[in-house]
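You will see two complexes here that share chain A, one where it goes with chain B and one where it goes with chain C.
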Partner chain A sequence: MKQRGLAPYLFLAPYLVVLLVFTLYPLANAAVLAFQQTNGPATRAFVGFDNFRFIFSDPTFYQALKNTTIFAACSVLVQLPLSMGLALLLNEGKGRARALLRLVLFSPNLVGQIFVGVLFSVLFTARYGLVNRFLQALFGWGLEKQWLQDPALVMPAIIIAALWLYVGFNMIYFLAALQSVDKTLEEAARVDGATRLQVFWNVTLPSMRHVVVFVVVTSLIGSYQLFELPLALLSSSNGRGPDNAGLTVITYLYDVGFVTGDLGLGSAVGWVSAIIIFTLSLLQIRFSGLAEE
Partner chain B sequence: MNPLRALVLVLIAGFVVLWLRAPSRPKTAFAYLRWVALACAAALIVAPFLWLVAAAFKDREVLNEYIFFPPLPWTDKTMNLENFRRLFAGDPSVQGKVYFWQYVLNSLFVTTTITVLQMVFCSAAGFALAKYDFRGKKPLMTFMLGSMMIPSVLLLAPLYEMIVELGLVDTYSSLFLPYLAVPYGIFLFRQSMLSIPNEMLDAGRIDGASEFYIYLRLVMPLVRPMCAAFCLVTFLGNWNAFFGPSIFLHTQDKLTLPVILNLYLGLYRADYGIFLAGTLIAILPPAILFFALEKEFIGGLTSGAVKG
Partner chain C sequence: MLERFPFGRAPLWLLVLALASTVAVLLTQRLGAAARPDLSFATSASTHMEAYREAAAIFEKKRGVRVSVELVHSRALQTRLQNAMLAKSPVPDLVELLYGDIAYFTRGPLSDVGLVDLTERLDKQGLKERLVESRLSLWSSRGHAFALPHDVHPVMLMYRADILESLGIDVNAIETWDDFVALRPKVVKDLDGDGVIDRYLIDLPIGESWGVLILLLQRGVSLFDEHGKLQMNQPATVDTIDWYVHQVEGKDRIATQCGWGQSLMKAMKDGLALFYVAPDWRTHSIEMEAPNVRGLFRVMPLPAWTPGGRRTSTWGGSGLAITKASQHVELAWDFAKLLYFDRDELGRRYRATKILPPLKDSWTLPELAEPSDFFRGQRIGEEFAKLAPDVPADWATPYKGRAEDRLGGVVLHALEHFRAHGDDGLRALIQKELAEKSADVEELMNRNVLDKE
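So, the complex of A and B:
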C-alpha cells in the first residue's frame, strides 16, 4: 500500500464534509445550546445550568426515566430470554421448515416502529381488539381491558408490541452465534454426563458471550432511545399516555424541544440521554473484549 | 368450549399420549413439544399481519363483527375495496387535494435517493480507508469509530437549528445532506474491501487505470453482496424513519408514509379500516425487497456482530 497523492482524500471528501458540518459542528452547538434557553431557533439566552436544574427537579422527567428503565429491563429480562429460547428451538431443526420459521419470526422487523404503533393501537382496543379477544378465548378474561387508557396497562402494552417487533430480530443474532459454537465441546460435555441445561449454561452460553453482550447492550441502547412506538401507540396523547404512563426520555425531549420549542432544554435532555447511552456503549467495549484486541 | 381452548387441550393430549407410549425414550415427545412451541410462536407473530390484511379489506359495517375474515362466500357487503377507495380519494390541504399515492411516491423517492447516496459515499470512503495509506488515516479511523457512539438524539436539536439557518426546512435536502455518509456504512465497506488483494489493484494501475476506475470497475463489483446487504438495511431504516421527516418537513404534499399514517391515526380514530389499508400498503415495499433478498439481508445484519 502506497500513498497515492490526493486520491484517498478525494474519496473521503464527502464524508469529511458531512462529519465537519453535520456532526462536529452540531455537537459543539449542542454543548452550547444546553446552557441556553431558546424560543424556537430564533432567540437564545444564556441560562447557565438552569436547563439541567429544571430537568432534575421535574417529576415528569423522572417519570419518563422510570418508564424507559422499566422498558429497558423488560427488553433484557423478558424479550432476550424468549429470543434465545426460540433460537435454541430453531437451532436443532433442519431444512425448509426451519428456514420458513426463521423468516416468519423475523418478519415483523420489516415493519417500522410507527407502523407497529399504528397497528397495535387498534389491536389493543377494548371489546373488539385482537389482544383482548385472544386473552378471552384462552383464559376467559374480560374484553373490557383498556390497555391504552389504563395507566397500569400502558407500559405492558408497549412492551408487548415491542416484543412482537423485536423477538425475531434478536433471535437471528443468537441463531447465528449458536451455529458458530464448537459442537465437539458440547458433545464432550454431554458424554461426561452433563444435562442439557448444564451444557447450555456452562458450554454453549460462555462460548457465545460476545454476541450475548452485543445483543444485550444494543437492546439497552435501543431501549433508551424508544420514541416512535409509544408515539404512534398513544397518539391521542402525543405519546405520553394517561398520567404520562407511557412517556419515555426521548418523548420528553421531543415534547420540550420540538413541541414546546425550547431547543436549549431539548439539547440538555439530549445530553442526559447521551450520557446514559455512552455509559452503556463503554460497558459493551469493556465486556465484549474489543479493548483487548 | 371455544376453538382456541379446544386446540390447547388437543395439543396437551398429544403430548401425554406420546409420553405414555414410550416413557423410557421421551425424545419423540420432546421433539413434538418443540414443534408445538415453535408453531405457537409463529402463529402469534403472524396473527397481527393476518388481522391487518383482513381489516383492510373488510367493509366498515362488519369491521368489528368478525375477528379475522368474514365467513365464505365473501360478498360486496363484507369484503370490498372501500377502505382503499376512500384512502386514495385524497386529503384536503392548504396546497389543494393531496392523494395517498403522493406519500407513497415521496417515501419511495426519499428512501431510494438516500440509499443510493449512502452506498456511493460510504463505499468510496470505505475504499480509501481500506486500500490507501495516507496521513491522518489512523486518527480518522479512531475518530470515526468513536463518532458511532454519539447518539443521534443528541444532534437533533442543533441539527434542526442548522437546517433552519440554512433555509432547508421543508426540503428533502434536509433529510439527505446530514446522512450522505454514515460511519457504520463506511466501516462495513472498509471491512469487506480489506480482503481484496492489493496486487489486483496494482495490476489495474499498470494497465493505466485511474484510481476512480479501480474503485468503480474493479473493487465495487467484488463487494456486490455487501452492497446488497447494506442497501437493504439502509432502505428499511429510512423507509421507516419518522423523527427527521416529522420535524423537517411541513407541507402536506411532501410528507412521507410514517408521518402521514401517524397523522391519520388521530384523524380517523373510529374508522380504522382506512389507516390500516394505508399501513398495509406502507409495509409492502420493504416486504417485497426482503423476500427477494432475504439471504443477503440476514448475512449483512449479523456480519458486524458475529465475527468479533
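So, the complex of A and C:
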C-alpha cells in the first residue's frame, strides 16, 4: 500500500523536476532580476522599481507596444477573417482539389518565421523584388518602393509576410470546427428561410465559438510574442527596422537584455509583456462569454 | 521479472529507458572529456576558417597540443558565450568576436570582465606599436584592450570603370565630395525614357545608418569618445546629415539604395549605381558572390571633405579574445600571436580573405602586391594598405547600437522634412532631433548604477 502511495509521485517526478528547473526557477529568477540592474555577466544591484519606471518613460517601448498592437489587431481583424473565408470555401469543395488546396495553404507554416522573413526580404526588394515588379507592371507605380527601408511601409510588409505564413494555419482550425458543426441545425435554418449569411452568423459561428475564441486568444498571444519574423525580415537593423518602425515588444526585450546587456531591464520587459498578454486573453475570454460557461 | 515488476510493463520500460539514457549521457561526457582539445577556438567568420585550420595544424605540430577550430554563427556565438559566462559553464579558450559584440562583455567593473586584459602583453612585448593603433579602439574599454584586432577595414569606393571610361570621367580628378557631386549631370540619367532614373552616382542607404556613420567617421566623428562619452550631437554631425539628405532625396539626388545580396549584385551588373562604398571585406565578398562583374570594377579612395583631408573611413571588424576561464591562457596567447602576428600566416590568410591585417609590417607581404583580375589588374592590397594608417578610431560601448539606431532616426526625420519643406528649417530640425536623441541615449547610459567606477 505504502509502495502504491509513492508510485504516482515517482512517475510525476521527472516532469516536476523539469518544470521546476526550466520553468518555475527561471520565472522566479526573472521576477527577482526585474528589480535588479545587471551589468555584464557578473554584477547585479537592487534598483527597486527603476526598471519599470524606465520602461514606462521610454518612448521606444511605447513605439514597440504600438507596433505590436497594430500587428495583433491586424492578426485578429484581417488574418482570422481571411482564414475563416478560406475555411468556408474549402468546406464546400469536395475531393482531391480540396485536400491539395488545404496542403498548399497550410504549407507556408511548415517552413517557419525565419525562412519566411528571408524569403519576403527578397520579395520586397526595391526595383528588383517580385512585389515591386508586380506593382509596376500592374499599376505603373511602386518599382522603387522601399518596403523595408521606409518606416511607413515596414509594418504593412511584416503583416503581409505574416498573412502568408498564418492564414493557412488558422484556416485548418476553422475547417476542423466547420466540419463538426451539426448539419441538421443548418439545414433546419435554411428550411425556415434563412439566407446563407444568416445561417453562418446565427448557426454556424455560434456552434464553433469555442474554436474561434481559442484561435483569437492564441493569435493574440502569438502576436505579442512576435520576434523571429521581423528579425529575419529586417536583419540589417537587428529586427528594429528604420526609425524602430518594425520594433516589437520582444525585440525591445532582446535589445535591452542581450545587446545592451541589462538582463534586469529585459526581465522587467518580459513581465510587462506577460501581464499585457494575460490581461488581453482574460478580457477576450470574458467578453466572449466563455467564462460564464 | 516483467510480471514481478510492481507497476506493470510500461513503467518498467520507462525505467529501463531512463537508466539507459543516463548511462549514455555519462559515457558521452566521459568520452567527450577524454577527447577534449588543449585549446578550443570559436569564430563566426567562415572566410577565415580554412586559413585558421591550416594555422591550427601548424601550431599542433610545433607545440605538441591539440587545437579545435569551430565555426559558429555570429549571433549564436555572442549569445552562447554570454549565457555560458552567466552560467559559468565551459567556454572556448579563444573567441573571434564581431565588431560591436565585445561591448557586452566589457560592461561593469573591469575585474568582472570575462576576457583576458591584453593591454600589458601588447605593451611589454612591443606589439602595440606594430598595430594600427586606432584599431584597438574597437576592442578597448576604459583604456584596456580585451581583444586583438583582426583587420583595419579601410573604406574605398568601388566604381564601374568601364562605364566611367565611356562617359569620359577621370576618377583621379575627384578629390573632394564636392567634385564627386559635380559629376551628377553626366551620370544620373533616365536611359530608356520611361520616367524612372536608371543610373545613379552612388549606392547609399536610406533606412540604415551605415552610410552616415562611415561619412562621420571619415570626418573624425565617432559616436562615442575613448571614455565612452556620447559625441553624437556635434556641428559636424549636423553638416553631414544635411549633406546626406540632399544626396539621397529630391530632384538633385545622386544616390539610390541598392540593398544587399542578390539585389546589390544585380544593381552592380546593371550599373544602377556607378560607385559603391567598399571596405576590403566587401570587395572580397563581391568578388566571391558576383563573378559576372569580374573586370568591370576598380577601387579608389573616398573623396575627402576638404582638399587634402582624409580619404578613407572604416566599416566593421572582428577581434580575437582569450577567455579568463581558459585553463591554458599562455598557450592561447601563443596561438593568438601565431594567427595575428606571424607574417607567413597573415600572407596565407590575406590570399584567402583579401582582408588587410592591422600589423603594419605585414603590408610589405608579396601577397598584398598581387594584381587582381577581378579589379582590372589593380593591386588592391596595396591600395588599401596606403590608406590604412589614416583609418579613424571607432570606440565601442554597449550603447552604440542604440546611438546608431537614434542617428538613423534623425536621418529619416530629416528626409521626411526635406521631402515636405525642402531646406526650410532643415538644419534646425536636425539640431533639435540630435539633441533629443542624444538625451534619450544618455538617459539609458546614466541609469547604469554599476558602471560608475
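Simple rule for what comes next: the second predicted complex is superposed on the first by the 269 of 293 C-alpha atoms of A that agree within 3 Å, B and C clash if a C-alpha of one lies under 4 Å from a C-alpha of the other, contacts with A are read in each partner's own complex, and residues count from 1 in each chain.
Quick note on the criterion: a residue touches a chain if its C-beta (ideal position, glycine included) is under 8 Å from a C-beta of that chain, and two chains touch if they have at least 3 such contacts.
Everything numeric in this text was worked out from a predicted model, so none of it was measured.
If you put the two complexes together on chain A, you find that chain B and chain C bump into each other. In the superposed model, A:Ser281 makes contact with chain B only, not with chain C.
When both complexes are overlaid on chain A, the residue A:Phe258 reaches chain B and chain C alike.
By the document's definition of touching, neither partner reaches A:Pro230: not chain B, not chain C. Residue contacts after overlaying the shared chain place A:Val122 against chain B and chain C alike. When the two structures are aligned on the shared chain, A:Val111 is found in touch with chain B, with no touch to chain C. In the superposition on chain A, A:Leu148 makes contact with chain C only, while chain B stays out of contact range. Residue contacts after overlaying the shared chain place A:Val211 against chain B, while chain C stays out of touching range. In the superposition on chain A, contact is made by A:Phe22 with chain B only, not with chain C.
Annotation for chain A, partner touching more residues between chain B and chain C: B. By the document's definition of touching, both partners, chain B and chain C, reach A:Phe11.
On chain A, the surface touched by chain B in one complex and the surface touched by chain C in the other have residues 3, 7, 11, 14, 38, 41, 122, 127-128, 236, 258, 263 in common. Against chain C, the residues of chain A that register as touching in their complex are 3, 7, 11, 14, 37-45, 47, 50, 54, 58-60, 122, 125-129, 143-144, 146, 148-151, 236-238, 240-244, 255, 258-263. Residues 2-5, 8, 34, 37-38, 41-42, 44-49, 51-52, 55, 63-64, 67, 121-122, 124-125, 127-129, 131-135, 137, 140, 144, 147, 149-162, 164-165, 177-181, 186, 198, 211-212, 215, 236, 239-243, 247, 258, 261-262, 264-266, 269, 272, 275-276, 279, 282-283, 286-287, 290-291, 294, 298, 301-302, 305-306, 308 of chain B are the ones that touch chain A when the two sit in their complex.
Considering their complex, residues 6-7, 11, 14, 18, 79, 82, 85-86, 103-109, 112-114, 196, 205-208, 256-257, 259-263, 266-267, 272, 398-399, 401-402, 405, 408-409, 412-413, 440, 443-444, 447-451 of chain C touch chain A. On the chain A side of its complex with chain B, the touching residues are 1-4, 7-9, 11-12, 14-15, 18-19, 22-23, 25-27, 29-30, 33, 38, 41, 86, 89-90, 92-93, 101, 103-108, 110-115, 117-123, 127-128, 130, 133-134, 137-138, 164, 167-168, 172-173, 176-177, 180, 210-211, 214-215, 221, 225, 227-228, 231-232, 235-236, 250, 253-254, 257-258, 263-264, 266-267, 270-271, 273-274, 277-278, 281, 288, 290.
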